[in-house]
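Only one structure is covered here, and it is reproduced in the block below.
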Amino acid sequence: MTPLTGYLLVAALLFSIGLAGALTRRNAILVLIGIELMLNAANLNLIAFWRYGPHPEALTGMMFAIFSIAVAAAEAAVGLGLVIQIHRHAHTTDLDQMNRMKG
Amino acid sequence: MSIVFYLLAALTVAGGLAAMLLKNMVHCVLALTVAFAGLALLFLKLDAQFAGFAQILVYIGAVAILVVFAILLTRGSETPKDGVFSRSWLIGLVIAAAVFAVLGWAVLQSARVLPHETAIPVVTVKQIGAALVGRYVLPLEIVAVLLTAAMIGAVIVAMHENVGHEKEGSK
Amino acid sequence: MLGEGILKGMAVTAKNFFGSYFSAERLTTVEYPEQRIAPFEAARVFPFLVFDGADWEAGLRCVACQICEKECPPKCIYIEKSTDKKPDAVGKLQFYPARFDIDISVCMSCQICVEVCPFEAIKMDTEFELSTDDRFGGLLLDRKQLAKSNEYYHQIHSTEAAGVDARLAAEKAKADAKAKGAAAAKTAAIAGEGA
Amino acid sequence: MIETCDQIFVLLQHWLVSFLPASWQPAAGVLLSVAAIVCVFPALFAVAVLLERKGLARIQNRLGPNRVGPFGLFQPIADAIKSLTKEDIVPQSADAAVHFLAPVLLVITVFMGFAVLPMGRNMVLVDLDAGLLLYFAMGASSELAVFMAGWSSRNKYSLLGAMRAVAQMISYEVPLLLSSVAVVMITGSLSLTKIVEAQNHYTWGLPHWYIFTPWGFAGFLMYAIATTAETNRSPFDLPEGESELVAGYHTEYSGFKFALFFLGEYVAMFSISGLGTTLFLGGWSAPFSFLTWVPSWIWFFSKLMLSIFVFIWMRGTLPRLRQDQLMNFAWKFVLPMCLVNLLAAGLWRFMGDGWLRWVVCSAILIAAYAGMGLAEMRKQRLGPRSYRYAE
C-alpha cells in the first residue's frame, strides 16, 4: 500500500462515517457535524493529493483545503444559526418531528 | 506506511465514529474535536503545517465551540430518552456503506497508478501568502465576501425578532 | 479622554504600593499573635460568672434562679440548682448553682442573659481566644471555668463594673439598714417587753 | 565569556546530549528542552503567586503573606503541599471522564504555546515557520478545556462561568489576532525568531522595537487589553466573578485538579506575556545597545516579569466590568481600533523611511482613538446613582 492509498482510504472511511451520521442521526446539529466530517475528509484528500502530487510547489491542493476550511466555517455559522432559529420556532431540533411545511 | 500514520488514522476514525454514535451531544462534539485534532496531525504528517494549524484554529477553536453553544442554546445537552437515530437509519447506513464500498474500490483499483514516495515539498508560509494574494486572489476575495455575508446572515438568522407577540418559552 | 481614569487609578495604587514600604502609618494591619490591639471597653464576646472575694465557689453571685436559662434564645445555658442554701452578698440565704454550663459553640453572644439577671451575676467577657481541638468538651465551659473575679470585671469593663458595684453597695446598705432597723425594732421590742 | 553566558543553556543542553548515541541526540535534546520548560514555568508560577499576593497587599496597604519562612518566601511551598494533599472531590452527577480530562487538556494546550517562544538567542524549542499560528491554535484549544470543565461539573455556577469565559475568550481572540497581524505584516513572517531578529537593531543606541512605532504602540495597547481578557484577569475576570459565580468554571474542582487549573491560568499568563514581549518588546533583545552584553534570556525573563507586574497592578486597581460593557468594548472599540491599526501598519510598510510615515500613522491612530473615545464617552451617563429595589 502506498502512503497516498492509506490517506485516501482514511478519507473515504471518514467521509462515509460522516455521511452515515448525517443520514441516520435525528438531531439537526449532529447532521451538521456529519457534514463537517465529510468536508474534513475531502480536505484530507486534497492535502494528500497535494503532498504526493507531481507539482506540490503549485500549492493547488493546499489552497483548496484552506478555502474549504474557510467555507466550512461559514457553513457552520449559518447552519447553526438556522438550527437555533428552528428550535426557537418549533421547540425541537429533532428532524423526524420537523415534517410540516407550514410554520 | 509508518506506525505514526496508523495511530493517527485510528485516532481520527475513532473520533469520527464516536461523534456519530455517542448518545450525549456534548460528548459527540468532544469526540468530533478528537477527530479534528487527528486530522490536523495528519495534515502535519503530510508536511502541510499551515493547513494543520489553521485546522486546529478554525475547527477546534471556533467550529467546535460554536456547535457547543448551539447545543446548549437548543437544550440538547441531556441525553434524549427515545433513540438518537432516525427511523430511516437502515437506509442511511446502507447508502453510506455503498458510498464507502465505491470509494474504497476506486482507491484500491487505482493504487497501481498512484504515485509512491515523493520528495518532501518545501513550502513556506510566505509562499502560501504570496499565492493567496497572487494567483488565488479572486477566490480569496470571494471567500472574504462569503464570510462577511455568512457572518451577517448568521447574526440576522439567530437574532431575536423584535415583534411584540413573542411566544412564551421562545427565549 | 478615554483611558484617563485608568491612568489616574493606576497612579493611586502605585502611590499606595510604594508608600506602604516607606511610611509605616499607611499599614493598617496588626500582626495578630505578636501585636494586639487592647480590647475596647465595650467589647462583648461570651458571658462569664462574677464572684466576690477570693474563693470563687463561695463568692459566686449566681443564685440559680434560672431566668437566664429560660431566656437564652439558643438554649446554651444549663443550670442545676443546689439542694442546700447559703447566704449571698446581702446575707440572705439563697440557692447556688450546683452546675452551671454554657456551651459557647452554641452561644450567639446576644447578651440577653446579662440583661435579665437580677443579681448582676453574669456579665460579658472580652476573651475571644477560646479555640480548642476538642469541639464538644472543650467548648462546654463549666462553672469553674466561667467564674471570674469582680476585680477582673473591673479590669475589662471598668465604668460598667463601677456602676454595678455602686448599685450593689446601695442595695446592701439598704438591706443592712433594714436589718439594723429590724434588729433595733427587735431590741426595742425586747426592751419594751422587759420594761 | 559573554558569549558563553548568553548561550549557557544551549551549551548545557548540547553537553548533556553529547553523552548519548548520535541517533538519539535530536530527540533527547527536545526532551531536555521540554523538561526545562515544564520545570521553569511552574517555578515561575510559584514566584508569581507570591508576588501577586504581596503586591496586591501592598497596593491595599497590607503586609501580605509573611508567616511561612522569611518574608513569607516559602508560602508557595505551603500552598503546593496543601493543594496536593487535599481530597479530590468529584461531584456525584458530574461527567467523571470529562471532569478529569478538562484540567489536563488545559495544561497541555497552555504548555504547547511555549514550543515556539524564543526565550533567548537560539533558545527556542522548535523554530516553526508558522510559529505564531501554532501559538494561536493552542490558545484557541484551551477554550474547549474551559468549556469541558464547566459543563462536566453539572453546576450552574460552573456552566455560567464557562460560557462567560468561552464567549469572552472568543470575542477577545479577534483583537488579539488582529493586533499581532500588524506585526506579521511588517516583519513578513509568522516565525517568532524572525520577528525578534527584525527588532534586534539599534539606532543611536535605541532598539527598533515595534512598540516604539505608532502602529506598534497602538497594537501593543490593544494586545495588552486582549491578553488581559484572554487570561481572564481583572478587570475582565467575569468568568470567575467571586461575588456572583463562586469561582466560575472551576467551582467544582478541588485538590490537585484545582491546582492544575490555577497553574494553567498563570502559565497561560506567562506564555501570552512572553508572546507580547516577543511581538512588541523585542523579545530577548536588550533595551539599549550598550547593554547587549547581558545574556539574552535575562532580558526575556525580566520583560516577562515586568508584564506580570503590570497584570498584578491592574488587578489591584481596576474594578470588574459588566458583561455588556465587556462585549461592547471588544466589538465596538478594540476591534475597530485594531482594524485602523492594520491600515496604519500597511501605510507604514509602504511609505518608506522618513518622518512622513510617523506623522501620517500617528495622525490616523490618534484621530481614530479620539473619535471613538469621544463617542464612547458621550454614551456614558454618570448621573446620581439610582437604586431600583431600595426604598
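Quick notes
Note that the chains take the letters A, B, C and D in the order they are written out, and that residue 1 is the start of every chain.
Assume a residue touches a chain if its C-beta (ideal position, glycine included) is under 8 Å from a C-beta of that chain, and two chains touch if they have at least 3 such contacts.
Just so we're clear, the structure is a prediction, and the values are computed from it rather than from any experiment.
Here the chain at the heart of the shown protein, by mean C-alpha position, is D.
Averaging C-alpha coordinates per chain and comparing to chain D, the farthest chain turns out to be C.
Comparing chain pairs C-D and A-B, the larger number of C-beta contacts belongs to A-B.
In whole angstrom, the spacing between the mean C-alpha positions of chain C and chain D is 57. Look at where the CA atoms of chain A average out and do the same for chain B: the two points lie 5 Å apart.
Annotation: 29 Å between the Cα-based centres of chain B and chain D. Chain B and chain C have Cα centroids separated by 75 Å. In chain D, no residue touches two or more other chains.
Under the contact definition stated at the top, the residues of chain B that touch 2 or more other chains are 50, 54, 62, 69. Residue numbers of chain C whose C-beta contacts span two or more other chains: none are found.
If the chains shown are joined wherever they touch, the resulting network is a simple chain of contacts running from one end to the other without closing.
Chains touching one another, given as pairs, are A-B, B-D, C-D. Interface residues of chain B, counted against chain D in their complex, comprise 26-27, 30, 33, 49-50, 53-54, 56-57, 60-62, 64-65, 68-69, 72, 77, 124-126.
Those residues of chain D whose C-beta lies close enough to touch chain B in the complex are 98, 128-130, 133-134, 136-141, 143-144, 147-148, 151, 159, 163, 166, 170, 173, 188-191.
Contacts from chain A toward chain B in the complex involve residues 1-10, 12-27, 29-30, 32-34, 36-37, 40, 43-44, 47-48, 50-54, 56-57, 59, 62-63, 65-67, 69-78, 80-85, 87-89, 91, 93-96. Across the interface of their complex, chain D is touched by residues 1-3, 6, 9-10, 12-14, 16-17, 19-21, 26-29, 31 of chain C. Interface of chain D with chain C (complex): residues 55, 58-63, 66, 313-314, 316-318, 369-370, 372-374, 376-377.
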